[in-house]
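Common to both upcoming complexes is subunit A, partnered first by subunit B, then by subunit C.
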Partner chain A sequence: MSAANPGARHFPLLVGMGALSAFFAGIEILVRIDVINRFIVPMPSQVIASFERVIVEEDVVARFWLTFQEAFIAGAMIAIVGISLGILLYRVEILRRATETWVAAMASAPTVLIYPLFLVIFGRSMWTIVMMGFVAGLPPVILKTIEGLAGTRRVLIEVGRSFNLTARQIFTKIMLPSALPTIFVGVRLGLIFTLINVVGVEFLINFGGLGQLINDLAERYDLAGTYASIAFVILVSVFFFVVTEWVEKCLVPER
Partner chain B sequence: MKGGAAPAISAAEVRRLRIVIVLVVLAAWELVARSGLLYRDVVPALPTIARALYALLAGGEFYWHLGVTAGEVAAGMTIGGIGGLAVGLLLGANRFLSEAFERFLYYLGPTPKIIFFPIMIMWFGVGVSSKIAMGALSCFFPVALSTAAGMRQIDRVLIRVGHSFRANAWQMATKVYLPAMRHPVINGVRLGLGVAIIGTLLAETKLSNRGVGFLVIQAYSLFDMPRMYAMLIVLFVVAIGVNALVGRLGGLDAIKRP
Partner chain C sequence: MAIAPEPAGRPDTAPAAQAPLLVVEDIVKRFATPDGELIAVDHVSFDVKPGEFVGVIGPSGCGKSTLFNIIGGLLDDYEGTVRVAGERVRGPHPAIGMIFQEESTFPWRSVIDNVAFPLEIAGMGRRERHERARHFVKLVGLDGFERRYPAQLSGGMRQRVSMARTLASEPKILLMDEPFASLDEQTRLLLGDKVLQIQQQLAQTTLLITHNITEAVQLADRILVMTYRPGRIKRVVDIALPRPRSSQIVSSEAFGRHVAQIWSDLREEASLGLQDEDSAYGRERRA
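For the complex of A and B:
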């Protein structure tokens, strides 16, 4: 049984972490003995040491807060607009059949490339970043809302009918709650796309929070700082991913 | 709620609605362009965009830049795709390695890859190599994760049949594993291609003097909006078209059929 030997369960994780540590130790040695050029790859110890400097001198907390605000606004927008459009498309079948493939095509289209267009419309401001996050995160929310509503079990709707519920009551009391887990899967996917685009566009237009920080440090050729800021963004992404995954597991029952 | 007794909607009605939607959007665009509500150059009139599109497609310069971008994407896909396939096969075949290392790919996959561009410039310079590296890095993760997942889903019976025929490792890979995981691998390649195109083009918009991404950002710098719209239209059509083509060639559309 797995409970009998919890150490064995964590052994692969320990091996993975150990291999990662060994990899960084190897890089440290290769840079120190000049096998790897130190002007291209800094020593991992320098990167770790520069974390404190980056956090204090580059005002990481304020930048993180700005990125969070942008992602939050875009996330709220994709949830409100995406779920509303998903409900509309589900309820108006002809509209859904006419546009669902377009929404799916939009999901696979390189929408992030329209950022120069948004720069013209919204200027080099927070709204360019928010709108790019919004456009990128919208399609999965719409598609998953339709999927969730369409997947409501027939028997539940029949139970609602046998209780003489109105069409509105069946929708709000049965279909929407039943579709919520799937809708959340869409919102989570949308939030991931939103965060990727928010940080990416911040970097590209050199404006905003964490993305701009990487750009700033790279332009100053602060090598250790650049690597540290990239590591920081990766940690933020992983944290965000783990938290939303945990919430999804709580909401979506095991099938 | 949708009633069960609603009359069936014909394909012709759906087609008509699509045409109506497209016409309404185009008419609204033209109306806004002519009304002066928005700055005229931000929303140019449709004939202006059509002329820019014609000029773009009729000139030779665009195709040269498209060729550069296509070459970068192809090279990036080859490097990242082969790397992803190899790592995916390794992780899919070995449970211990999967439990030890797959989580790193799983968590690194959704990070914005463009943030690695400064590192790619330091390692590979400002030329095409750093764009190829961006493409390779972008497509590596979806290919590796799809391949690993696909390998775990292979029917055990097929593997036992291969072993009972005393197939060697190469025969097992080419006759059993790869054909059985064709769909997840093609799906990964399709996802990888999409992100490789995005990664390469974004890198070109950030720092380059060639490629379609460079042309887009140049049009922005010169405030040549009709040309920018024309290029975005072409890019979207090419990206969606290539994506659909890979799916069709890989037989992904056939999976959906009962």
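For the complex of A and C:
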């Protein structure tokens, strides 16, 4: 970051925006010259034009807010519960050996398929959606927490012992900070699964925020509106990405 | 790193009259291995007087780190006793400060917070511990780097951070296990100078474990040469080189003589180690 050339800072951003615009322009041209079927892919210009309609008529702001809340609650839950469970499993050897394979299997299972069960338990409510997001995002957080703790370098623990730290201090002052970067990888991964499932279940059970809107518009065959709503989903994920990055920057210094 | 001649911080003659600060008596450590019992340390006894710099040298695998961990209280289940200032020691003891062979800085802490770590554990307030830590950062020559993180430092600088961190706990005895093993020869010599300078400034009682003969002769008042498996003390060599010393001493004739003498002792042991590695793994020799 040289003060003499402030443009250099924004260069990657500009390149990114430029590439994206070029991509949309390309799509626009291909649709207009009928290389791409306009009944499958709407023209980007139509999508942009439909934003106003989606915002005014479809109440997208309130829907955005609902999806955001669901994702936020589920995200906070995977972080809190996932890290706690990871710590518990790490510390209680027998529990870990009993469950680690299960958790790993769950991480790759299509948990979205159990949504009917959650519908029965929580009804057609926001909580079904939150819990689905929670269940989908939980395994990577647990696994990465265990991995991070187990990966603490032995010599760092020995340094702690040589300074006469209690077992508790060794955990909080050495193992946890050492594991933090790995735990963050887990939380980020988990958030991705959570968000996918939140929007996916909204879509499936036709309830709540942006997922339902996408479902509605797709059924009305309003393709431009559908894509415009998808842009709002991307906005939610961008928001979470920025927030986790910011939290990580505060907690984990450059290494 | 200019080495200012230190004002004679301590007499050149070893303080023979003083009671030893560290007494190691008849230490035996056995490990159970798949090929049976391995005696890593065999009846090792020695003592270190206040302000003295003792080196322990021996071939790879002779039990140096095992001895280091026993004295530092990280290993139990051994025979013999370790005493500090007359008091029997079991487990980690605040009088003993350890510097490890491996890189051991905390990557999530800045230099100053690394060095202040033992003070933080002792419950000292932030401002006060930073002030104290700054003194030790300066002592190892890292002033100006307080806010950096270990990832932004060279290997030699990181080892100095570890050293400052251990010194900040103000141990009566400094215990070092091949602290420069991973560094290149030039850095090693210069860091050796730093250690000498600090040791003289603080009159720090030090036990240095190493496999590097030059390093041992450069730094120590007395060198214990260990045998290869089981680790026993083969010979004690007094290094009568004048103090204050610096790395320039390596080119002196007396230095060469000491090195040659120790090498002739060690060569036999080192080659035993090599044979052992060549033949079946871990077979016990001269048990």
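The rule is short, and it goes like this: the second predicted complex is superposed on the first by the 187 of 255 C-alpha atoms of A that agree within 3 Å, B and C clash if a C-alpha of one lies under 4 Å from a C-alpha of the other, contacts with A are read in each partner's own complex, and residues count from 1 in each chain.
Criterion: a residue touches a chain if its C-beta (ideal position, glycine included) is under 8 Å from a C-beta of that chain, and two chains touch if they have at least 3 such contacts.
From a predicted model like this one, the values you see are computed outputs, not experimental measurements.
By the document's definition of touching, of the two partners only subunit B reaches A:105; subunit C does not. When the two structures are aligned on the shared chain, A:178 is found in touch with subunit C, with no touch to subunit B. Applying the stated contact rule after C-alpha superposition, one finds that A:162 touches subunit C and leaves subunit B untouched. Shared contact residues of subunit A, touching subunit B in one structure and subunit C in the other, are absent.
By the touch criterion stated above, subunit A contacts subunit C in their complex at residues 153, 155-156, 158-159, 161-165, 169, 173-174, 177-178, 180, 252-255. Across the complex, subunit B meets subunit A through its residues 1-2, 6, 9, 13-14, 17-18, 21, 42, 96, 99-101, 103-104, 107-108, 110-112, 114-119, 121-123, 194, 197-198, 201-202, 205-206, 213, 216-217, 219-220, 223, 225, 228-229, 232, 235-236, 239-240, 243.
Those residues of subunit C whose C-beta lies close enough to touch subunit A in the complex are 72-74, 92-94, 96-98, 100, 102-104, 106-110, 117-118, 121, 149-152, 162, 169.
Across the complex, subunit B is touched by residues 12-13, 15-16, 19-20, 40-41, 90-91, 93-95, 97-99, 105, 108-110, 112-117, 119-121, 157, 167, 170-171, 175, 192, 195-197, 199-200, 203-204, 211, 214-215, 218, 223, 226-227, 230, 233-234, 237-238, 241-242 of subunit A.
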